[in-house]
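Going by the order they are written in, the chains are A, B, C and D; count residues from 1 in each one.
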Amino acid sequence: MEPADVGAQRIEWTKENMRLLAGIRQRFEVEQPFTGLTIGVSIHLEPKTAVLLQTLRTGGADLFATGNLGTTQDDVVASLNREGIRAIGRRADTPEEHLGNVARIAGSGLDLVLDNGADIIAAADDQRIIGATEETTSGGNRLRSELAERVGYPVIVINDSPLKAIVENQHSVGQSVVESLQRITNLMPQAWHLAVFGYGWCGRGIAHYARQVGASVMVVEPDEIKALEAAMFGFPVRSVEEAIESAGVIVTATGAERVITADHIDLFQPDAILANAGHFDVEIDVPSLAAAAESRVEIAPGIERLDFGDGRSIRLLTLGRMFNLGGVSAKGNSIESMDLGFSLQALSLERLALDRSALVPGAQPVPDDINRLLARQFVELIGG
Amino acid sequence: MEPADVGAQRIEWTKENMRLLAGIRQRFEVEQPFTGLTIGVSIHLEPKTAVLLQTLRTGGADLFATGNLGTTQDDVVASLNREGIRAIGRRADTPEEHLGNVARIAGSGLDLVLDNGADIIAAADDQRIIGATEETTSGGNRLRSELAERVGYPVIVINDSPLKAIVENQHSVGQSVVESLQRITNLMPQAWHLAVFGYGWCGRGIAHYARQVGASVMVVEPDEIKALEAAMFGFPVRSVEEAIESAGVIVTATGAERVITADHIDLFQPDAILANAGHFDVEIDVPSLAAAAESRVEIAPGIERLDFGDGRSIRLLTLGRMFNLGGVSAKGNSIESMDLGFSLQALSLERLALDRSALVPGAQPVPDDINRLLARQFVELIGG
Amino acid sequence: MEPADVGAQRIEWTKENMRLLAGIRQRFEVEQPFTGLTIGVSIHLEPKTAVLLQTLRTGGADLFATGNLGTTQDDVVASLNREGIRAIGRRADTPEEHLGNVARIAGSGLDLVLDNGADIIAAADDQRIIGATEETTSGGNRLRSELAERVGYPVIVINDSPLKAIVENQHSVGQSVVESLQRITNLMPQAWHLAVFGYGWCGRGIAHYARQVGASVMVVEPDEIKALEAAMFGFPVRSVEEAIESAGVIVTATGAERVITADHIDLFQPDAILANAGHFDVEIDVPSLAAAAESRVEIAPGIERLDFGDGRSIRLLTLGRMFNLGGVSAKGNSIESMDLGFSLQALSLERLALDRSALVPGAQPVPDDINRLLARQFVELIGG
Amino acid sequence: MEPADVGAQRIEWTKENMRLLAGIRQRFEVEQPFTGLTIGVSIHLEPKTAVLLQTLRTGGADLFATGNLGTTQDDVVASLNREGIRAIGRRADTPEEHLGNVARIAGSGLDLVLDNGADIIAAADDQRIIGATEETTSGGNRLRSELAERVGYPVIVINDSPLKAIVENQHSVGQSVVESLQRITNLMPQAWHLAVFGYGWCGRGIAHYARQVGASVMVVEPDEIKALEAAMFGFPVRSVEEAIESAGVIVTATGAERVITADHIDLFQPDAILANAGHFDVEIDVPSLAAAAESRVEIAPGIERLDFGDGRSIRLLTLGRMFNLGGVSAKGNSIESMDLGFSLQALSLERLALDRSALVPGAQPVPDDINRLLARQFVELIGG
């Protein structure tokens, strides 16, 4: 097998397990909903997204795609280009180069946009655009605030779909966080004594799956109603300080900033393990912890020891970044959960292409009938 | 111990385990929020509600209470009256007698109302009323429709509180349904092959706890999003017909009418067990099943056999009524869950007494701060 | 329905759910393995055992049965006699009357014995006896010690079968203990903070099922290997004193005597609930606790409060006797688990009748092929 | 950090989490039980075993070690030698070179042996040997058969300890198998529809943990008693053929040979995933499957597709070898479970060194007091 095929090979396994997209692809091949339309794409470029792009192309779309900063998989880009899908960007791109890629796509004459963080939407002045999808909540927020007045076409915010909350945030993130904690640390769950910070969708999945594999789990959650839910499912609810003082492993999934900081150095258990599962790497305040440390050494792949003197030290996983996406061989969320998320993308783009008059301008959730159709298909797919 | 004390004795065990109300009683004793106020009460009269009435009385209220039709526990009524709480009604009351009791209370000059089904509110014309609480969702619906224009004072609908959904509907009903199924049938959960109809708050609790004790559980749920949640928690999702054809035990918790009817007679497993956990006894269409039956015989306490000929037969639990409240020694929801629900009542009535100007007229949910206060206290109570 | 039929009615529901015995009965009807043989029986007389006796009779046996002291259900005895199965003994029998019943059966000319505690075996001198089954472990111990030299025929000890340990001791006792704790106390499992004393077959079932319904569970187990198993399944392992000091509910299942005594009075949590699940009522030392108490009052059916002064008190369930067999409407182990146990009885008696030469004299376990046959049939019965 | 330190770095994380060995090392440092003794070692050489060797050396032992064929981690060997522990062997060794290494150690004048498969014991004629430990069951079998007459000194078979069965085989293998299945396939457990072949210690761990993370799991187990245990824990029990026809994922853990062969090709689900968790790579008959395949292609790291024509194909993980030890970044059993197993080694070797007269010659289990001591310490280590 030639080196050039590595990307294609990696896409193959993923592709055969994205069965919702396979069904959509089959239909798109016949119906060609995107004939004559150019879709500008900004998305993390790896095997799962490649299958989405192939699906859109099968539906007749002309595609022009760039990856996200620092995560682009070069073999996948190469493979896409070989298939006739225009993809630009390299893992080694500087922020300036990345912005240049986004601008190049934004200015290339687009009919539809598949966006991430509303980057293309913000950069494009194109009057041709008839609609867009936006993958992220933060992009959705941007569309409802700073960009609200500028965007005259419908933008479907994929992450607002309840299917994402259920399948991806709760179950798939929970599963991959627990798998990653085992993989990176190689420690036995029975000995974790884990504090999960945050009992939102992600937090409850993490707490659930960690307990399922044998860990004892406590929860930190300031919202009284969510805390009640945690307690009723048998999780002790603790204050921030109680949790830090008693937990051997701390996982943050709050969506908030600076949940764990240098202020807590005197409270940590000896050798406490700190790991962040939140989207942004700001929940564990690594700068303040690092500034307070006498030394910071990598003691195993993905594991750093920070020593604060007087026997106080912590173990920090994957630099405080989403650790279920970090470390050797991390694969992130399961293929099926991404299949579902990208099917929301494909059907939302199809709706924009074919029936945009039924949609209002501006940010909006995935149409209810698309949610229900895909929920039903997904249940059939995984069902007994 | 004299017979007259049986009610008091039964209240005692309940009372010592209603710890939220105990704390409220202690405060009410000092603060006397209900001084000079008469509260008209319509509520199921049994040990747990007796503790609520004692709490209101400790807070200075003059009480005048009647039970619900057919469920009043006479020893509890006797015991209440001995303590100076006016309570009327007998288990043996006819519908006419019951309406008479409600009317008598409605017409007796009330300041506050603790209602059930909005019966007193509908019957009272009293201009003195400053506010009310309503226990049920159906009472809330009535207040928002037919009574909406007539009621000029605030009515706090207790059952709209998220605390009820979480603690009572999901967990406590789930636990008591599963306990009751074991108690009434004496069958081993491993052999149940259970179909839960409905994956709302109650249904998900039932499905969860049944699986926890060893049953294999499938779910019937037409709403695609709820069905997805069920599937992600590992429950096979089946159509009505598939479920009826394969389930050994069927439990309904849909809130809908005539979910199981005589139309399904040819589909049932031999000796299928049918049980209703929904609030009203209309989910299993007992009249149509009974009309189609060649014979109907009680074969064990709370268990009837209906034979349809040709070897077709079912086992019906507790006449199709809420079976976790039926059968010998059924005690319904746990004491703690009722403690929480009645604390919502007590604090809502206090709010109406002391701070009604902060409330709008008409039906409304429990004030958020009361929800949060009680959620926090309940977590402390059950917490590790 | 006439009063006389109450026993028959209660047997009916049980009978239709004892499906292994139904299959055996069908075969016995044709093969008549007990033709011409009289079986003397000492067994707890209630609906489930009645079905066993009917099965033996269908196989051609002449039966003469007595119940255990104090547990005989008079309606079942009446019903058996109406069917032509000789049964004697009343619930109200004194110990002397009970011994008289046993002696009467032992002396009546028996070919086979179905014994409980080796009572008939010890009393019978009959040279006619060709073999016996013994239900209990303590009867088995007696047969291997004091009675070892006297018994020249094979005695199959049913309780030594691994099927009993798995189905009855672990799962069915665990399920019924947890169900009974909910039923008797009406308290929410989330608030139990339960200490299980003993992690043998029964203890691990109790710990497992209690946690499954929402309780937090700790285990007390002096054997280091069993304690390791408990810890690996996530149960905190505590010393006797640690457990008593921190548990809200204590359940004993140790097989030992005086596990909880008056020596622990200063350690109990306020209002701690004490319950025994062990076979004998000696695990909680009720006499020493009662002697130390200032008062002892029943505060709810099956619940006594013992006050020791200075605010120290406990709640004792069902007098320290097996509480899953006590309290209103307790039904003990599930019908299916008893079906399995009694099928071991029926097939062991058949083996003794037809093939005793293949068996050695004295106490011995259930023949391996019978265990395997019934295990396979039971799996089919409950299987998916 | 210099390249030479990579091994030392990888040992460091492992070492700080092997806390039982840390305690033993502390004691050995003072007591020097192995002073003047040479220990010959044959063991998989990786970070965890390195910590064991360091512990023995701290106790005064002179060590001479070789790895197993094909699994030696060269950086660990380098690191050991730098620390003064003689270690030989390379990952790239041929079978002949490996046998030469074993022979060299066997002939070097040993006092104690830490063996794997009884390789050194079989090769050594040394009269100096006072005792040995053997890690594996297959080595134990060899010592009880072909080597039984030749070995005049005690050999403690570590794998016969109940602690290994509980902690390592059941829980740790179960956890690592499930983690590896997620890691290698990136598929969502909810969609696995998993058949576990074998319900021994490993099989029950795999079945349990797979279900815990969301999979639906069936079990194949010919032994009726084990099958009953599986059914009582809610696992459908299926025949080999039924399981193969309905499972999407098949995991073997039987200890038997050729469980899945080319005879089953017509039965597999489309794209069935086959994975072996048994010690030897003979459970899935890869040679017969490969011979029957039209093509065999690696479609993702650790995943091969075998096509049999007519749309029939399977996905084979890690060549049919123990897949929880295969694939990128596999780390095998948890550090704590290995800490326990190697503490059994260290204390058994100490017993042989100091108190061999208390031991009989030949193969024997770990002394009971050592099992109990370590069980107690392990419970304390992981306990709440």
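Odds and ends about this structure:
Keep this in mind: a contact is a pair of C-beta atoms (placed from the backbone, for glycine too) under 8 Å apart; a residue touches a chain by one contact, two chains touch by 3 or more.
Quick caveat, the model's predicted, so the values are computed rather than measured.
Common partners of chain B and chain C, by the touch rule above, are A, D.
Here chain A and chain B face each other with the same set of residues for the most part; over half of the interface numbers are shared between them.
Centroid to centroid, with C-alpha atoms defining each point, chain A and chain B lie 42 Å apart. Rounded to whole angstrom, the centroid-to-centroid distance between chain A and chain D, based on C-alpha atoms, equals 36 Å. Averaged Cα coordinates give chain B a centre that lies 55 Å from the centre of chain D. Shown for chain B are the residues that touch two or more other chains, namely 171, 190, 214, 216, 231-232, 382, 384.
Against chain A, in their complex, chain C makes its touches with residues 190, 211, 214, 216, 231-234.
The touching residues of chain B, when paired with chain C in their complex, are 9-10, 12-14, 16-17, 171-172, 175-176, 178-179, 182-183, 186-191, 193, 209, 212-214, 216, 271, 298-300, 303, 327-329, 331-332, 334-337, 381-382, 384.
Across the complex, chain B meets chain A through its residues 162-163, 166-167, 170-171, 218, 224-225, 227-229, 231-232, 236-237, 371-373, 375-376, 378-379, 382-384.
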